[in-house]
Amino acid sequence: MPLATFAGLDEAVADLVHDGDTVALEGFTHLIPHAAGHEIIRQGRTGLTLVRMTPDIVYDQLIGAGCATKLVFSWGGNPGVGSLHRFRDAVEHEWPVPLEIEEHSHAGMANRYVAGASGLPFAVLRGYTGTDLVAHTATIKTITCPFTGEVLTAVPAITPDVTVVHAQQADRDGNVMMWGITGVQKEAVLAARRALVTVEEVVDEFTPRPGAVVLPNWVVTRVAVVPGGAHPSYADGYSVRDNEYYQQWDAISRDRDTFRSWVDDNIMRAGGE
Amino acid sequence: MADWTSDEMMTVAAARALHDGVVCFVGIGLPSTAANLARRTHAPNLVLIYESGTLGAKPVHLPLSIGDGVLAESADSVITVPEVFNYWLQPGRVDIGFLGAAQLDRYANINTTVIGGDYEHPKIRLPGAGGAPEIAASCREVIVVVRQSRRTFTDRVDFVTSVGFGAGPGDRERLGLRGSGPRRVITDLGVLEPDPDTCELVLTHLHPGATVEQATEATGWPLVVRDDLTVTEPPTGTELDVLRALQAGAGGRKPTE
Amino acid sequence: MPLATFAGLDEAVADLVHDGDTVALEGFTHLIPHAAGHEIIRQGRTGLTLVRMTPDIVYDQLIGAGCATKLVFSWGGNPGVGSLHRFRDAVEHEWPVPLEIEEHSHAGMANRYVAGASGLPFAVLRGYTGTDLVAHTATIKTITCPFTGEVLTAVPAITPDVTVVHAQQADRDGNVMMWGITGVQKEAVLAARRALVTVEEVVDEFTPRPGAVVLPNWVVTRVAVVPGGAHPSYADGYSVRDNEYYQQWDAISRDRDTFRSWVDDNIMRAGGE
Amino acid sequence: MADWTSDEMMTVAAARALHDGVVCFVGIGLPSTAANLARRTHAPNLVLIYESGTLGAKPVHLPLSIGDGVLAESADSVITVPEVFNYWLQPGRVDIGFLGAAQLDRYANINTTVIGGDYEHPKIRLPGAGGAPEIAASCREVIVVVRQSRRTFTDRVDFVTSVGFGAGPGDRERLGLRGSGPRRVITDLGVLEPDPDTCELVLTHLHPGATVEQATEATGWPLVVRDDLTVTEPPTGTELDVLRALQAGAGGRKPTE
């Protein structure tokens, strides 16, 4: 088994994220890998298929910067604030580039990651029935129970070329530990061909913690030490959510020029995080 | 002139709809506010599930996102997102699911996806489904909380994101949806409930100060008013105090700030 | 939601376990609810369909005592020792009563519980292909992926009338906490119509623990306080596995009369545990 | 007269088959002993997965069951049994799976279910499948460890519990089995490996002191002996010391007891 190696964020993104890749940045409100998203923008990746249950600010930035041509998602808003203006502008006006969308529900997306992590081509759930999503999303089909004859819903596995997550800690061998709300990150990492994990810090040894998830170094490709790499999201035990940033993003993202100069000042000129 | 706003009345009415001990699937915003108000007043044993994976959360202050640390710290257990949907929501273990709506039709079908144009080129692109379709399908009951206006209460939704009663009686059964669907639509003007025979939403309650004319005016279909139309009890002093303290302290702010 | 109530083990078994029920006693080497199994024998239940991934000593006793007419399982041995003689006697010589078997693999059984816990009629896995189990077990069928056309295996959900597990602690509200190796217990409880949990002790408040599983009181039917209720299995933090008992069981269970007198002395005359 | 038993030789040979750093799915008994011997000698970074849900277990003494506390205490993480099979075994993340056998045929198909009579009325009812069918299907490689005798090494198994090479070349592919199947059958007499062309198990190694005649006599089909038949290196003093200390301390017993 190839083991995880350490690298700088710039080098790790250069190695693992290629133009045209299917990329999943996961983190459910907590532990969102913002710094890695900024590095992808800085390196000017294009043609990405972005996968994420809740494309919030991190994907609004990637979409507005023109990195993505397709979005696979289940909820695209600014949590507690409102719209994602760059996402809307891309869908409503094809700016800066047309954005194809593949739209699901949370239950569907979660099960697609589970199927990917399980080495199965699809997952079964009770979902979507009666909604207009069925008519507009090709990756929603019916499947019949071979025992009861009941008709249920099938969705295909998600298997990203690369999954990026942020965690609290890695040990010196590249094993990763995260705790708090861990959402669908384990499944997203196990479903991917390559996995990049940014961490708050490296420790000699993990302290067992309630609710901790450990990713062994043989399912992680690269670890990059990026303290604060989740900001404006947070890392339980290291930082708190920057709720003001989420509110300010509404004004920053509303206007194309304001957004662009924000990207220039805060991402392009900022250098590696 | 009442000493409370119509939004406060709406939130209080939503909180009152939550009986003590029920298991409630909560989204951020008004539903979370209402659920936490209920937990601090008449329903101390309310079980709150947030889709971020916090089971039995007892937040000391209003969370500003479904993933706030305060939810994880106070939860009976923190589980994965797949587990929330597969082990807890899908089998019908949740009593009440709260939903909002950008558009709502007479059969309580909900649109949170697109408005205007067509799906590929919408006039307005909304956030989308999130957990709503399966909440609407699997919770024993659904409560919709939304401000009432002709723009929102439309005869037909542009996109069915979450199913209420579909095209009318029998549709939920035909679709194999196991929950009983929306039992109440709570607005800033009053409360609508599905007619037992037609499944059409009819006006059953008016909030103090609101009129049938206002409600009819704010509804995009010929609104039926039930004969036994009753007026909602106004918010009590306690309800208002707790609600305002909750909102002042949202996100962990000191109410004094 | 009906909440868990406390009861004595005898009362709880009398209320929840009925003749002819489908009953799952789970616990994967650790936390096996032996005391509850003994109480079922003491109350003379018959016609049970017993479900368990690893029917070890606890089911050897129930089968030998004539409580079961059907066994749904994936591995029937005495771990680290050898055969289950009562199980073999029932299958090979229909003693004391004929025992119908429904045989699966661990992966199949685990997924059947997952389907039950998820409110789905079946689960999909890569399993059984090419084995003779397919020809002998009716609850193994094929299913085709609606996206790739790949043929996989489907198994039906397990939904026991009652699941019985042993846990370390309950709080005064009937919430349950277990830790250590928790196997498939959460799924077995969530898949069941009724759930009986025996616990080592009742505590005022749970201490969050690494790897702890919490079962809220609204998915548990009864809690019975039975210290040592897992013996000869163990409860991490409370007891150690009685390996000698497992070795001695080989001799005790080999002979019908020895077994019967053991049951009389150690279960029937023992009274409630 | 060697100062080691044929079982010790078999265990040492199995341990040597585990290269450092590989991920190994371990069952109780000889496989667990061999894996822990390897971890204490040439393969300190061996990753042990027990089906009870202990990922990366580093037991300080030999466990007597797959659920011993020592496995949970020493594991990188303890996961549920469904997760072991769905997230870790099924996707092919495990390099090597160890299997035993009550019967084994020339194509390394394994029977651990029933012997004699028919399935409903067997002469001998064995424990059954456990995790074996999926271990045999999904691990990158399978190593079978079993004492060699004519009763065990049968021309045809009474029941196929776990698939080796089915009826011969191409069968694993036809069945959609993703792992490469049994690469080695390690016995108390020597080592058998599948012939690259026929998939039939042929004798490739003899343990010191064992003869081709013994091996042939203990095999229920005409045993092919490979031209480059080699003799296994006898156990080193270190291997024997570590192995005997492990076995003396099994279950946490003080080796002095």
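To keep things simple, chains are lettered A, B, C and D as they appear, and every chain counts its residues starting from 1.
Assume a contact is a pair of C-beta atoms (placed from the backbone, for glycine too) under 8 Å apart; a residue touches a chain by one contact, two chains touch by 3 or more.
For clarity, every value in this text was computed on a predicted model and none was experimentally measured.
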* **A-B compared against A-D, more contacting pairs** => A-B
* chain A and chain B: spacing of chain centres that average the CA atoms, whole Å -> 28
* Rounded to the nearest whole Å, what is the centre-to-centre distance of chain A and chain C, using the mean of the C-alpha atoms as each centre? -> 39
* Asked: So, what's the distance in Å between the C-alpha centres of chain D and chain B?
  -> 57
* To do: Name the residues of chain D that each touch 2 or more other chains.
  => 77, 86, 90, 138
* Structure fact -> Where chain C touches two or more other chains simultaneously, the residues are 119-120, 125-126, 150, 186-187, 211-212
* Return all touching chain pairs. => A-B, A-C, A-D, B-C, C-D
* Mind pulling up the chain C residues that touch chain D in the complex? -> 28-30, 53-54, 73-77, 79-80, 83-84, 87-88, 91-92, 103-107, 110-111, 113-114, 125-133, 136, 150-151, 180-184, 186-187, 211, 234, 236, 240-241, 243, 246
* Would you pull the chain C residues touching chain B in the complex into a rising list? => 1, 3, 117-120, 175, 186-187, 190, 212-214, 216, 218-219
* To do: Note which residues of chain A are touching chain C in the complex, please.
  => 119-126, 139, 141-143, 145-148, 150, 152, 154, 156, 208-212
* To do: Please give the residue numbers of chain B that touch chain A in the complex, ascending.
  => 28-29, 51-54, 64-69, 71-72, 77-78, 80-82, 84-86, 89-90, 113, 119, 121-134, 137-138, 159-163, 166, 171, 175-178, 251
* **Touching residues (chain side chain B, partner chain C) in the complex** => 21-23, 47, 55-56, 76-77, 86-87, 90-93, 95, 138
